[in-house]
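Chain IDs A, B, C, D and E follow the sequence of writing; residue 1 opens each chain.
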Amino acid sequence: MSDNRVRTALHWLLGAWLVLVIAAAFFWAPAAAGFKGESSRIVFFHVPQAWVAVLAFCVNLIASLRYLRTRDPLDDARAAAAARLGLVFSLLATVTGSIFAHVMWNSFWNWDPREISIAILLLIYAAYFALREAVPDEERRASLSAAYAILAFVTMPFLVFVVPRIYWSLHPDTIIGATGKLKMQMDPRMLQTLFASLVGFTGLFFWLYTLDVRLARVRLARQAREEA
Amino acid sequence: MAAVSVEFTKVAKRFGTRTVLAAVSGALRPGSVLVVAGPNGAGKSTLLNLLAGVLRPSRGEVSHRRGGADLPRSEWCEHLGMASPDMAVYEELSALENLRFFGRLRGHATSDAAITALLETLGLPAREQRRAVGTYSSGMKQRVKLAQAVLHEPAVLLLDEPSSNLDAAGHDAVAGLVARFRPLAAVAVATNDPREIAWGDARLELAL
Amino acid sequence: MRASSLLSESLAVLGKELTSEVRSRVALNAIGLFGITTLVVVAYQIGPYQIQEKDRPYLLSALLWVILFFAATSGLARVFVKEEDAHTAKTLRLAARPLAVFAGKYLFNLILLAALFTLIVPLYCALMGYEVRGLAGLALVLAAGAVALSASSTIVAAIISRASGSTTLFAILSVPLVLPLLVMLIQGTRAAAGSVELAAVLPALQGIVSLGGALLIVSVFLFPVVWHE
Amino acid sequence: MRASSLLSESLAVLGKELTSEVRSRVALNAIGLFGITTLVVVAYQIGPYQIQEKDRPYLLSALLWVILFFAATSGLARVFVKEEDAHTAKTLRLAARPLAVFAGKYLFNLILLAALFTLIVPLYCALMGYEVRGLAGLALVLAAGAVALSASSTIVAAIISRASGSTTLFAILSVPLVLPLLVMLIQGTRAAAGSVELAAVLPALQGIVSLGGALLIVSVFLFPVVWHE
Amino acid sequence: MAAVSVEFTKVAKRFGTRTVLAAVSGALRPGSVLVVAGPNGAGKSTLLNLLAGVLRPSRGEVSHRRGGADLPRSEWCEHLGMASPDMAVYEELSALENLRFFGRLRGHATSDAAITALLETLGLPAREQRRAVGTYSSGMKQRVKLAQAVLHEPAVLLLDEPSSNLDAAGHDAVAGLVARFRPLAAVAVATNDPREIAWGDARLELAL
């Protein structure tokens, strides 16, 4: 009972926090210099989405590793829930980034290293679910997708750290400067908003994640009851 | 041949929401033959797969024990032999090549002469042994499968419908095989054939 | 004792694969021919003269690896699927330790890849007018690439064989794993093409070897999970 | 009577293929995903900016067809091999007239290809910055290409399924058949990209339709021979 | 059901240099059951494949005749039904879907109720019929294969080891099937099971 009350309170807190973040993004933080018009405001949503996509990938890895140890169907459900959210958020980050890129650089897609890493993350999530779809048996589906998630994670550091370095060296005539993204002109108020948004999106992720896991728990419990 | 026994206690197997086996217990002990009987779909093959470790029980426990200690999983393949309708040997290799391969895999060095002799006792004449298994008749394939199961003198022998597709001589050869392994190995035979029920010292009757 | 018997078991698996492949006529030359025909389509359609002089180092090395990767895909994927199709997987599973199966299949894929590379790479260079100055560097890159690619192919092939596997699923699963590898391989190849010095390929080689090594080690640990359910 | 029952039998085969694919769930979305991953590899490695403005019309049309061909190859080959693998070929052979089998499998391949084309082509144009001016012309070329490619794929898939089939072999056999087709398709696509006029694609279209028609007719006559030993 | 008879005269089959059948003659006539017996590898399945037109004889002749005229090849599939150990149905489809498909292919419109009833007489209960065949036990698969062979009321029924993998009830169901087709159809049964030899009006004993 009190557990439920804490949960309800947290939900309200999260909702209020996100409303504040949205308000701050549009009315409190200034538009960054060097961006066209008000376009910089998308950063407050774009960056947290990309962060959540990466976070989901890590949660998925941990749940997968745990599944292989415990063989608990709930751990598989955790991995799947994280991957589902990861898919959604990497899609959102790609779309917002793409809109942003269109405004800033007049092109939706530029093969920028960040675009590539998020695209690969999308492909990994898509592959993960393609694999799950292809295995009807539940236990086998769980262990195969756990194995794949671990394998995919091994390649991630190379994507994030090694490949961009090489890639840039191949592109002397890049569209964006080699200094990378526009980190520099961050007004303190912008930084605060961005940080608040990061916290808010992380909270949103965990809320959705626990919802999905609770749903899975109910489903598994009902299954167990039906057998008995 | 080490003495290995297999114990299964309250083993249950579900596929999705279907319960195929509900809390079956028993044991395979060296020197005895367990016949697993029951109508089609009763779960005989499922039980054998659980004993072989090919399937994982949904509940309950299967343990392979040698001299009071658990047999480590990495050694199961040396001590277990199995033949079943859903296992095949390599169709592009000959019977001889197949058995050479399976012998080597199990670290059981077997001379070609010994393989040939084994296949002959199972009723596959030497002149047929160097032809690709893909060209064999259904009964000839079954004999190669059986040879694969017993080549390494396993301590636990699991036979699922061992005389399917076999003629009368083949049936006798299987009976001979069971008699040969009875003294030392733990044998389980899953069968639909009333004649084979008599082979067992113990009998486990599964119901639908 | 244990290690030497593991070697012997792995070699038994490798030997079986080789005889089977030669017997069923889907042999080495088949995978090679696939590479060649692909190469002909590309060479004929894009050819050496379509590409500007200054783009050549980059485009030619990229195209080479795209061809090699796709040629390899259709051949390497079958290594476990064929066992499931022929219902021999259960027999093999009961007879061999997982590590021996993985090692044997890995070596087989490695041999296929090595054969493919020795066939396609010289031909590609000739047809597309690709001049490679650091041959030793190229050889090193190719060798490291084969080791890494066959690690990822073998484990992915094992995964899809337990799903309702098809070559399509194989490509879907391996592309995200292999993409960073391909980027490094392309970079290494370009470095080798441009310079006689071995040192030129070193940065790429380090990346390839470490990713390949990581994939191989993780695969060895994951394989039993994939193989037994 | 006969013709209508042939139609119903062909549709039965088509229906079975579709349910099977959807059931094994490596279905259409997988072939699409495969196309996308291929596209990403190629686009990432070669990218829109690597290609000089003046090379674009030629290179981009060639690359598009290489990708489509890869994607098609890996999916279509299984259509008969899987029947042999699963030992259902003999059952089907005894139950259905060859023409119904061929028609059903052909239609299935056609549907797969059409789905692949509608998915990949727009994406390719967007990712690679490929501007096509004659959309109607392009659509015609793609349609004719699908009809012809699936004819050749279907018959070759049948052939290799009988020769201890493998996807690899399929690719080898189909490339000599497909090479002239690909050349004309590339020409047609290039013509469509360059001009709004439908007349621009006509020469290529004639070639594609006649080669495709010839392939289809020959396949229909050849199929019973291949199918019954 | 049209009356079709199959005559084979001096039929021989070689594979490479091996002669498997040397000049076998006989006939399948409506209203009678021919049992083909002989040890494993004698050529029973080969003979049935020749009669079904799946294999071509090396020498001799096989003719399908209806009312004095040759039955055109394009109509064989409507009039022939066969089950054998090397034929499978689609594992990813359910029993019901498989039979719907084979019925439609043969232009034999069959209602779902009729299919369900047929499968039930063969011993596959209705509640199992909507599950993928890939998950069936060996005996359940065999029942689906048999249903596939008889669904379209063929005039010629070729059964190769029809009761392999079946339990006692299944064996009786096959006997019932043969009894049902005996009056009108031409039936051939290749078997290793001594109990099935009694089913035949005529018997063809092949030797190795």
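Keep this in mind: a residue touches a chain if its C-beta (ideal position, glycine included) is under 8 Å from a C-beta of that chain, and two chains touch if they have at least 3 such contacts.
Quick caveat, the model's predicted, so the values are computed rather than measured.
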- prompt: What chains touch chain A and also chain E?
  reply: B, D
Query: Taking each chain's centre as the mean of its CA atoms, which one is farthest from the centre of chain B?
result: A
Field: A-D compared against A-C, more contacting pairs
entry: A-C
Field: Distance between chain centroids, defined by C-alpha means - chain B, chain D (Å)
entry: 46
Euclidean distance of C-alpha centroids - chain B vs chain C, Å: 37
Query: Listing for chain C: what residues touch at least two other chains?
result: 24, 58, 86, 163-165, 169, 172, 175-176, 179, 183, 229
- prompt: Which chain B residues sit where two or more other chains touch them?
  reply: 15, 56, 86, 92
Task: Could you list which residues of chain A touch at least two other chains?
output: 123, 126-127, 130, 134, 136, 139
Task: Determine which chains touch and list them pairwise.
output: A-B, A-C, A-D, B-C, B-E, C-D, D-E
Statement: As the complex stands, chain E meets chain D at residues 52-56, 74, 77, 80, 82, 84, 86-93, 97, 101-102, 104-107, 132, 148
Message: Give the list of chain B residues in touch with chain E in this complex.
response: 15, 38-41, 45, 85-86, 123, 128, 135-140, 143, 161, 164-170, 192, 194
Message: Applying the document's contact rule, which stretches of chain B touch chain A when the two form their complex?
response: 14-17, 19, 56
- request: Would you pull the chain D residues touching chain E in the complex into a rising list?
  value: 5, 8-9, 12-13, 15-16, 19-20, 23-24, 86-88, 90-97, 100, 228-229
Task: Mind listing the chain D positions that touch chain A in their complex?
output: 24-26, 29-30, 33, 36-37, 40, 43-44, 47-49, 126-127
